[in-house]
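The structure's right below; bear with me while I get my questions together.
Here the chain labels run A, B, C and D in written order, and each chain numbers its own residues starting at 1.
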Amino acid sequence: MSHLPEHLLVGYRNFMKGRYAAESERYVSLAREGQAPETMLIACCDSRSAPETIFDSGPGELFVLRNVGNLIPPFEPDQEFHSTSAALEFAVDVLKVKNIVIMGHGRCGGIRAALAQGGKPLKPGDFIGKWMSLIHTAAAAVASTSVMTATERETALERISVRYSLNNLRTFPQIKAREEAGELTLYGAWFDISAGELWAMNRETGDFERPSLD
Amino acid sequence: MSHLPEHLLVGYRNFMKGRYAAESERYVSLAREGQAPETMLIACCDSRSAPETIFDSGPGELFVLRNVGNLIPPFEPDQEFHSTSAALEFAVDVLKVKNIVIMGHGRCGGIRAALAQGGKPLKPGDFIGKWMSLIHTAAAAVASTSVMTATERETALERISVRYSLNNLRTFPQIKAREEAGELTLYGAWFDISAGELWAMNRETGDFERPSLD
Amino acid sequence: MSHLPEHLLVGYRNFMKGRYAAESERYVSLAREGQAPETMLIACCDSRSAPETIFDSGPGELFVLRNVGNLIPPFEPDQEFHSTSAALEFAVDVLKVKNIVIMGHGRCGGIRAALAQGGKPLKPGDFIGKWMSLIHTAAAAVASTSVMTATERETALERISVRYSLNNLRTFPQIKAREEAGELTLYGAWFDISAGELWAMNRETGDFERPSLD
Amino acid sequence: MSHLPEHLLVGYRNFMKGRYAAESERYVSLAREGQAPETMLIACCDSRSAPETIFDSGPGELFVLRNVGNLIPPFEPDQEFHSTSAALEFAVDVLKVKNIVIMGHGRCGGIRAALAQGGKPLKPGDFIGKWMSLIHTAAAAVASTSVMTATERETALERISVRYSLNNLRTFPQIKAREEAGELTLYGAWFDISAGELWAMNRETGDFERPSLD
């Protein structure tokens, strides 16, 4: 009986012979001195949207929260268990990151589910439905836009939800305060796996644009 | 005004010239056919614990949930927003993954916070404290073991919390059902960045052991 | 009637044809000039924990005390027969060793016995119980940590007992004096036979770490 | 600051590349199945008298007690900490060894100390004197034998002390019982490093003889 799936063991062996062997000093130093990432990246669980791959990031570079649909709920200081809020608090108050990037992506199953249900919260016990209902107003508006194709509606809601989550980030008092003090910058991005296209949100207009890569 | 942090743009350029150029067919195919990962991996947000790096995983291989301390709360079918439960539901009910791996890691800031508070839930508005209080009973037991060093207590709690979260996974009816039907296997792992050490949980005893890599 | 077990005679013949033949000058010289080992090594009687094997040591290199659980009792200048104290006195006052290393090991039967009895001293005539009760406070603390597996509790106590014995070494006046004068260094180590893993105690933190072997 | 003496790290590296690499299956199996040595060997701490070297023994073969002068005190079921008795109890009652071998050696510093003090117990705090006073009657007798050379007196007392300790072994009820039941055999041996000479005690006469090695 193996204690890990075989494909992970194969991958780990490659890692140790390759990347770890090449960068072991950096790993040892990160262990000794602790992490100090400048950027928090919020992405989807989707297997085609790994931030460390897309941004070719090394160890210690990105503090990464991943949930379905890369959503941020609004600030709610109650007694519930909020994994998203705990991660934000750790990034902002403890690590004092300089950047938070929310990255949506194409062909997102969570967004598709939100559109399919037309923005209505689902029955109790349907965790995806409940979770995606965070954007149900926007989903309802987009779902009714019958002149757009299905793919256009998905892309639209994927980008709307990034802007929606950026707004929710600003409901956290310490995020708002640090942004106003110029100590923290909030960014939006959207990635599509097919052509490897990365789009960055224009922070003045909210539009998504291809960044210049020169 | 740049619309993305400079280090991400640099990394994205590397990705496009390197990995994407080499594997573009796989990316196009993953976009066309959708994701079908066999493994869900639950890891910490920590910047030194990226699953795709440690397991040298390609696009489409891992469905990844990342939260502080890689914790799974118990099943609670209420009306709250449960990002963790939504991700589990997506992985199990929609993607029908064959494996779920919970990977803890050394030097975990969330675990350290849980030990520092001695297992007591913190005041409202302290999201890290509230979130980590999921393991407060274990944290209290370990925190009182004064004959262990601080690092030994952390390592112990990091591994205990993996076992705790594996138990909570089994409180989700569909996970329990699929595991009993032999359609899903649950795994535990622990990674320490310094020496690149990966430990796999022995599924019979709960102990963490170095996997044979031959 | 043979006067030695056959396996020892076979081994001795191998020794004479192999190692002794190759190093006979060193043996002759060690006989003529006496021993002058720089290092005293305190290890368990366990048949899987032979210091000369693990450290590939030649004749004259290690002054070796072996008892169950590699324990050092505190300094007690009474009229009893103290084999451990006599060995320390010989190593420090007569041989003037520069290093004392206490090496614990995995799967230690003595430690297991200490945990099984929950730290309570046993009845008179139970020598293992009485001897291992030297660490009964630590054993009781570890034994009650039910969130750890049996193996995790054993490993924890194996390492705790090395630190405990190092502290007891310092209750011997001449050891304390020579250490403070910079003439003697005290070390802790832990070996596990399965993967041949050696861990060295960090002398500042008390943690056990894999030594770099480069 | 290194956490182990350099000569031990060098030796450990040799062990891993050499013996461990060649015998790793045996090590793994010994970890999984536990130790089951047939022979307990009681030897001196002296750096020139390592049983695993002299008998070319592999892992798992010898359960080894080492103290100054390879002495066994008589059975004393009191409340003191008896490291020697604990080791005997473990070997006989737990491991159920078939053989116990007491091996004295030439040029033994403990024996020399016993002769120098003429068999008189020393002042409190002199642990070597107190420990070696176990054989003070024999030491006094030999010390007064002025027609023997110093080396002859040492060799004589080294061998007398092996017989004395063999007798003490028989004061332990379970050792006496198992020997009488034919389940345990007691042996004496004496090794001199210079010429690599091993002598075995004739169990009928008590004489030390060179064993036939053919």
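Following the convention adopted for this analysis, a residue touches a chain if its C-beta (ideal position, glycine included) is under 8 Å from a C-beta of that chain, and two chains touch if they have at least 3 such contacts.
If you're wondering where the values come from, they're calculated on a predicted model, not measured in any experiment.
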{"item": "Each chain counted as touching chain C and chain D at once", "value": "none"}
{"item": "Fitted rotation between chain A and its twin chain C in degrees, CA, nearest 5", "value": "35"}
{"item": "Farthest-lying chain, centroid of Cα atoms versus that of chain D", "value": "A"}
{"item": "Whole-Å gap separating chain B and chain D, where each centre is the average of the chain's CA atoms", "value": "52"}
{"item": "Whole-Å gap separating chain A and chain B, where each centre is the average of the chain's CA atoms", "value": "15"}
{"item": "Distance between the centres, which are taken as Cα means, of chain D and chain A, whole angstrom", "value": "66"}
{"item": "Interface hub residues of chain D, defined as touching at least two other chains", "value": "none"}
{"item": "Category of the chain touch graph - line, ring, star, complete, other", "value": "line"}
{"item": "Pairs of chains satisfying the touch condition", "value": "A-B, B-C, C-D"}
{"item": "Residues of chain D touching chain C in the complex", "value": "1-5, 7-9, 11-16, 18-20, 24, 27-28, 30-32, 34-35, 37-40, 45-48, 50, 52-57, 59-68, 71, 73, 77-91, 94, 98-99, 101, 106-107, 109-110, 124-128, 130-132, 134, 185, 187, 189, 192-196, 198, 200-204, 209, 211, 213"}
{"item": "Contacting residues of chain B [partner chain C, same complex]", "value": "137-138, 141-142, 144-152, 156, 159-160, 163-164, 195, 197, 205-207, 210"}
